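Right after this note come the structures.
What follows is a pair of complexes built around chain A, which joins chain B in one and chain C in the other.
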Partner chain A sequence: MDIRVFLLLLLVLVSSVEHGFSLYEDQVGLMDWHQRYIGKVKHAVFHTQKTGRKRVVVSTEENVVASLDLRHGEIFWRHVLGTNDAVDAVDIALGKYVITLSSEGSILRAWNLPDGQMVWESFLQGSNPSKSLLSVPINLKVDKDNVILVFSKGFLHAVSSIDGDVLWDKDFSAESIEVQQILQPPESYVIYAVGFVGSSQFDVYQINAKSGELLKHKSAAFPDGFYGEVLLVSSDMLVSLDATRSNLVTISFRKEEISFSKTHISYLVGESLGIPVILPSKLSGILAVKFNTLLVFIRVKSEGKLEVVDKIANAAAVSDALSFSEGQQAFALVEHVDGKILLTVKLSHDWNSDFLKESIAMDHQWGLVQKVFINTYIRTDRSHGFRVLIVMEDHSLLLLQQGEIVWSREEGLASIIDVTTSELPVEKKGVSVAKVEQNLFEWLKGHVLKLKGTLMLASPEDIAVIQDMRLKSSEKSKMTRDHNGFRKLLIVLTRAGKLYALHTGDGRVIWSLLLPSLRKSGSCKHPTGLSVYQWQVPHHHAMDENPSVLVAGRCGPHWDAPGVLSFVDTYTGKELNALGLTHSVAQVIPLPFTDSTEQHLHLLIDSDQCAHLYPRTSEAIGHALRSNCIGVVDEYCFNSSDLWSIVFPSESEKIIATATRKLNEVVHTQAKVIADQDVMFKYISKNLLFVATIAPKASGEFGKPTPEESWLVVYLIDTVTGRILHRMTHHGSQGPVHAVLSENWVVYHYFNLRAHRYEMSVIEIYDLSRAENKDVWKLLVGKHNLTSPISLYSRPEAMTKSQSYFFTQSVKALAVTSTAKGITSKQLLIGTIGDQVLALDKRYLDPRRSVNPTQAEKEEGIIPLSDSLPIIPQSYVTHALKVEGLRGIVTLPTKLESTTLVFAHGVDLFLTRIAPSRTYDSLTEDFSYALLLLTIVALIAAIFVTWVLSEKKELQEKWR
Partner chain B sequence: MDKGKGVMVGGRRWAVDFTDNSTSPSSRDIPDPPGFSRSSQDQDDSTLSRQKKDAESNWKSQKAWEVAQAPFKNLLMMGFMMWMAGSTVHLFSIGITFSALWQPISALQGVGKVFESYKDSRVDLLGPKLLFIALNLGGLALGVWKLNTLGLLPTHASDWVFSLPPAQEVEHSGGGILLR
Partner chain C sequence: MRSQPVILVLLVHLCIPFLSSSLAISPGEGYTVNGRVKIPSLGAQGLVRPGKLSNIKVVLNGGQRFTLLRPDGYFSFHNVPAGTHLIEVDAIGYFFSPVRVDVSARNPGKVQATLTENRRGLSELVLEPLREEQYYEIREPFSIMSVVKSPMGLMMGFMLVVMFLMPKLMENMDPEEMRRAQEEMRSQGVPSLASLLPGGAARS
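Up next is the complex of A and B:
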């Protein structure tokens, strides 16, 4: 044992208080923030009929159903459905239930509109995959029960809106019809189901709405064939494109005979404009056809005659028609004109008059308008006003009313792809003085209040004010670097291709940038953002420059699509440079080198396995050794060759998870001191890869594979030589596997089929080739090679220890804390199935735990063995909050060694500060400064008094 | 230890010499009393002073030996205290161990001072000094031994490697599953 052990013991003593990281009630919000989002809106239904709370019910691409306040955009209630429970349609029934159809039409749910509680849920049977259609007729009643019509998976269901019972269903799966539309004219009890059989036959089924009986079946062949879907233009007219996409076909289906009427598009619009696309907006009597950027409105007259009403050049989106007073119907049209958006509300029957025309200035970072939803309200003068909800290119949601943006929500943050950080600027002296003087009174008041609080003299109102002050402390949201390194910028890339900088102090958006290189353009049809890297981290000699990040993306869904790179200044949020690449981006490897301007070297691997070096400066090329690419004149392109490969037998193993060490992880020491002053040398290598494979048969759903035919094999592989350092098989186990690799250990989570429980295993790997270094005298004079650079080709001998524990929860994400110097003990951060983040001490996942640890082992901090890992309620770092749709957990070291920032993202965002071994290097928040001050004052007073007394006594002595 | 030293050093603060060594009667105002013969007294006087000096040096060397042996008691005391303190690291055991280390060291620093008062041309102080040093060194050894049993001495390999940073790697690799 040594002094360190003594310190360690102190640490252990301190941290053995089980809920060392739990919070008090008044500390919530002090160092954490939580933001709630919903994602990109797909459907929106307004509910504004009655007086009271005006709301809009939306469903989103993140599978969220939410009710938003129309006044402020706040979330009234929200439900995040599972990842494979995508919402197909939303509607409101009976004026009090929100009806959602999800999971490809197999789950129908009703939610209570005011509070969002689920009223009923019904599973709709069916086998054939088909279009999912939801229709909530206003006054279709069967036995006094309002009926909801659902078409899904080849069945037409009539569902009671009261309790979700299926009243009747009609099977279409035998008819080989692809049902396109369900229509129920309000005046009759007949349901029309229309669709195609094959590509050139049109069928109409008439069904009795009360019993589900088939009343009539009509069929008509259309020899030219159809393309795409049909649009219901009016109650008896459908429009579609023919197979050549050069004719519009109107179908009249409610008469005795189905009649088709074909109109050539170029005849209609006068010239050939490109490929037409029928927009799915229901405009009652009008259809909108889009040719590239031109939008053509065509009115359908009786007998299937078509007539062009208008052509609009820069139209962005069209809403559905909304009927308001006296059967009038209106719809909204949004155009982009001179960087502003032009909102026009038109009446369906009277094209020439614009009911409303507003021009609204808008932030460029929101991009183009993608969707519009219209709603009406009665103004104070009893005329009709309109408000529209628009969904932008960056997924944000805006409400426009009376030519203004009433509120906006940055919904892009609900779909974060990648996260990196940037330091804030260094504080310059002599800036904040004026501010302090201005608020001197406030400042004094605050301190008096605080003093009252500490002396327990504060009234409940004062306490509330103090709490408010603590929460809104300007200290944590400053735009400068702080001493402890708590204030940083989080740079996040979202699925919409927008980059946001969030302040770690309070989570506000500092800047946002819709990356121009990741927007749709002629050369880049389907851009997607891939990842963000730190490109330039200035320190030392490049201090004056701003840090920047590299955003890698590609133009297309496949991994061989050409890539795009974008460089963004993290202080200003401006794009510095953008590169459209000729090669693809399959992998980005940050290299451990920087050039003289502190730009990090990155190696981009393309789909042909050529490596491209960035930045393209002559200085960077100095690091390169290999020969250049063949056939490409580019000195920054290099050949690659196979060094090693490990072939897993495809009939028995399939890779499902990998894990590597984080590049920025710092390890403090290579030695681990164990009980009895013995030492073990950790196998610490950045070139360590964890691979988990499972039996292909076991890759299916839960419950399908038997324990005998499923297994999980884990490997630890040295990525330089391809040597397998460790291989272990867990029989009867199954994925999904989540793994995290840090220092010399890997922890992974999987399902044990035999025990019917989740398990977490740990593997620790130790270096045996260093184990001989135990001679004190040699170490004393420095005669050892422990710190000299090593090559993995020397094949250091390794030894592993492992242990498995049961864990009761399934896991969504796994991460580990990281600190600046790597001294602080580690905690695992587990994103649980309940969308919370649980902190679990690494000490629980120690392979050296035994049933009866010896005294020395106890001193070392080894916990007695138990078969399952404890879940301590106080160790949820998200405390009472949930990070809905949790996808990832990112840990960021702060300058203060004891502390880590934890950022969890999903649909919601959450950031907090945790200290795995408590804040041993700083005084805690609840440290009583007042008591310290009082003690000091009392001591000084005592010293003074005794001094005076002693002086007196001495004088008396002298006089005696 | 301190106590013994105090006694030795402050042992003779003042002295009055009652012996009168002067021989000339002229120097005295008072005549010799009748029947007093100065010559006989002179002769007597030298033997007396020699005897006295012998006694003093004897006494000094005796005292010096006593002082030299004083740390032995301390040693026993310390040993007992250490045994009582146990082998775990806590405030008490650390305090005892450090005092056990500090006392011999401070005593060794003041060896000269301790034996200063017994300095005499006729007294051989080497023996007591050596004993004193040896005993204190013994005390020091005891302290160091205690320090070691507490695990506070870097005598294990773990004490030398616990903060060694990981060795640098020559190779670097990167990559992973293809970006989706």
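Up next is the complex of A and C:
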């Protein structure tokens, strides 16, 4: 009886908790980790003049503007601009503002250098697409004269650096000039704008810097024509290639007459070396010309004479020249010499003196050096030292100083393409006794501290220790498999073609591999990674083999480019095998079969719709049914034929989104018991496809289409028969559509133009053909159809239910939780426009919700209908963090049924563990074992005390 | 010429929620939408502290364009075509309602803005958070009740009840009945666990 009361009380206590996911502030970092990145650096500007914090301001290919600490490489501040707001140029003005030019030169912004607060923003008008140039004067005087010159979209703008006002602008769009360079010689009020008219005329405009007035216009024809862009080698000399690309042309433009001087390249360098490319590095008096692998430095002397200074065979990158004391200019040159990189700092005017020569050993997984930025500092002995920032092939960013790598940032992780997982090795037996004793003591100490914490007796230092202990618990970052399956390896493929293995416990990089097959080579010019799959998962047959993954890629931007496959061991991070394919890779289909070594069969569909089976073993062919390819002698190649097609009317429908079920999704039960003890059978099929189409008129910009001319049509299609199971039209709605399909339901997010709000709809589909099976009598008598063969071509009666709700925010990504057995109820994971991830219970998206649910429905857990979905701040799985530039959400089931891992990636990475129905199968992290122990001890003590007391009493009774 | 967006404060008819402030015509096809984000809980005059502002983003049309706030809390979108648009504010810690903004081509100079969450018209494009968002559960301060309510506390409590309350109850019992019970106990010997269980009671 008491036990029953006790259990009842316990139940009441447990059920009183409200949300599936919620976190206390001191639990941050216990189950989750967050990593901040910026992406591949495009521009870098150093700010080291003052004695304060040394920093470098960078802009990246992920459209991030950030300020990094030069000492440790940490981010001081960072802004992730929109996806179509690419940064064209960065500079520092007045010593306190960071100036960025973005969106093809139409937005100029100034950011406060110390804290990154936006100070002003200027929108620059213009219509002609053109080069975007930014020129910021170096002087530190704060006055209105301090103008920033921007050339963009056919206009030259002078913008005040104090408040962003456009002081004047000059329209070049009528002149048909392609402006190549803007320069303002120091201490001068004349701005030179130089450029080409057509391909064979060179023009110079001189403009008054104060008023924007045109002072002079010179023009000269060069009959041979120009190729490419011009490079400014000194304040009065430009260099370009002629149209045949066999001559270097120097242009002197400051004098009265524009003069050209032509020099034949083979005459200069002695032999023909291939196609020359002028590197855009500004080296003051020197230009660098690249021929395939050879880099030739050419000095420009007076009168346009050229002279070869040096030829360097395996140079990687050259920085711009940096002026330091007494007008001396230096630049950095990076070479690759037998596995190491050789950094040379040279003075521009004196080639033979190497100011600095350092050889630095480097991890091969970083690849080649792609960009170099130089900065100077004053050493303690008052001489000049140099530090360089280098950008590597895998997008990582390194700071080199005094022959050492001061810090490095793995920026490749900011551009993840695909994610898969791998299990960690099983723990080996045999733990030493000493270790156990040590652990026991530590364990006790830890729990005493925790007990103090729970009883609020702990001092602030103790709390800090507890917090630290919880964060650093070695348990979660071990390199072995754990009982709950929380510890795994995340294998991520990045845009740079690098594969990383991240530990789910703390997010550290276990290994990384710059895939050799995804690097630029003679046969593969523009390799891109596509996706990564589990190739070999150790199971009963091949328990001792290491698991491996398959990386699919292609050698070019188009989908008919030949494919590449690479197989990588996930424990060692070594490439096991690489295949350069003769066919293209349009789609990879993992099949549910394995061969005797537990290699998963994969079907690769090429652009000619032929299927290729991998691995190419005789065992694998045993699964194949169809005839082989025609015209190709290849056992592993199969033909395909069109089974069905659904033609959407092109004038009224255009496909914008599709969704399928995840291949590895597990469904626990097919039946759903509803309130009145009735059973509904879910329509569960792996071959369900969700397609959303919109009116072509509504596919344009937001806000343009009227509700009358836009609609959204959604379909549920069986992919085996091509049968449309369900079709529904949402009038007055438009995309973008985000959808997720799981079990027998699909949830999608779209925009309702009539209400001008976002909506989310749910469709659940039920199988009616098996509805009779629920009659127990029929089952007993044997009149059921459970044993009747099920064909994929059968046409079961299906019934759908659907409901729509308003949802406040724009959505970037949509995912659903997945657990090991599929018993735990589901939560939707919504990546919001604010780069947060919201967990929303699937119960809110239940088409059986009604305004007044009956008592029975309430007991079943049906929530009364409301017109919009709630956003509960505590159910943000990212809590107060942001996953900047969110692109995808991946859910990974753990062995513990209640729990699932959520990995959100974008520019940032975030991983956490969530339990959609709370952790019903394990004790929570903060469960106080000490309190339990204490209670047991107290109970035992009490038993003894009462026993003694009762003995005494009995004795007294007897004496009486 | 770059357009000079002039912010006029509301002077239109009070009953019609028209926005006079947020438009400036610029050459070309687009208009400029100006607005302001105001977070009342921070700072005295409704101005946000500078540091706090730097991470607030304003989003046009579900991510088509982003902008950030200037130090005074103002923001602007340039070259916005006429039509109906949606502006969202992304600020950690605050919940903002998206705003429907109608930029009219026929009537340049007027912009109509409505909060989509509660369909409230805005006289000016001044966006204020509907509520603050608290991402963490508040840890309740230590209370004796929470310990008592925990399973271990219940166990202790039950033990205490048995230890101190039961003898009291025994004393209040009828001595006759007491004796009978004791005899019964004696006849059974040591009370076994079985007798405590519901089945045991039935047997006796």
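Assorted remarks:
As a convention for this text, the second predicted complex is superposed on the first by the 881 of 960 C-alpha atoms of A that agree within 3 Å, B and C clash if a C-alpha of one lies under 4 Å from a C-alpha of the other, contacts with A are read in each partner's own complex, and residues count from 1 in each chain.
Everything below uses one rule, namely that a residue touches a chain if its C-beta (ideal position, glycine included) is under 8 Å from a C-beta of that chain, and two chains touch if they have at least 3 such contacts.
All values derive from a computational prediction rather than experimental measurement.
Of the two partner chains, chain C is the only one that A:Pro873 touches; chain B does not reach it. Once the two complexes are laid over each other on the shared chain, residue contacts for A:Met728 go to neither chain B nor chain C. In the overlay built on the shared chain, the residue A:Leu368 is in contact with neither chain B nor chain C. In the superposed pair of complexes, A:Leu347 makes contact with neither chain B nor chain C.
Of the two partner chains placed by the overlay, only chain B lies in contact with A:Trp559; chain C stays clear of it.
In the three-chain superposition model, chain A touches both chain B and chain C at residues 1-2, 6, 9.
Within the complex, the chain A residues that touch chain B are 1-6, 9, 530-531, 552, 559, 585-592, 603, 605, 658, 660, 667-671, 673, 677-679, 681-682, 684-687, 719-720, 773-776, 779-780, 786-793. Remark: chain C residues 1-2, 26-28, 32, 50-51, 53-54, 57, 59, 61-71, 76, 78-79, 81, 83-86, 88, 90-93, 95, 97-98, 100, 103, 114, 116-117, 133-137, 139, 141-142, 149-152, 154-156, 158-159, 163, 198 touch chain A in the complex. Within the complex formed with chain C, the residues of chain A that make contact are 1-2, 6, 9-10, 13, 22-26, 28, 77, 79, 81-85, 109, 115-125, 127, 166, 169, 455-456, 701-704, 736, 751, 753, 755-758, 808-810, 812, 833-836, 868, 871, 873-874, 876, 879-880, 882, 931-932, 934-935, 938-939, 942, 946. Residues 89, 150-152, 154-180 of chain B are the ones that touch chain A when the two sit in their complex.
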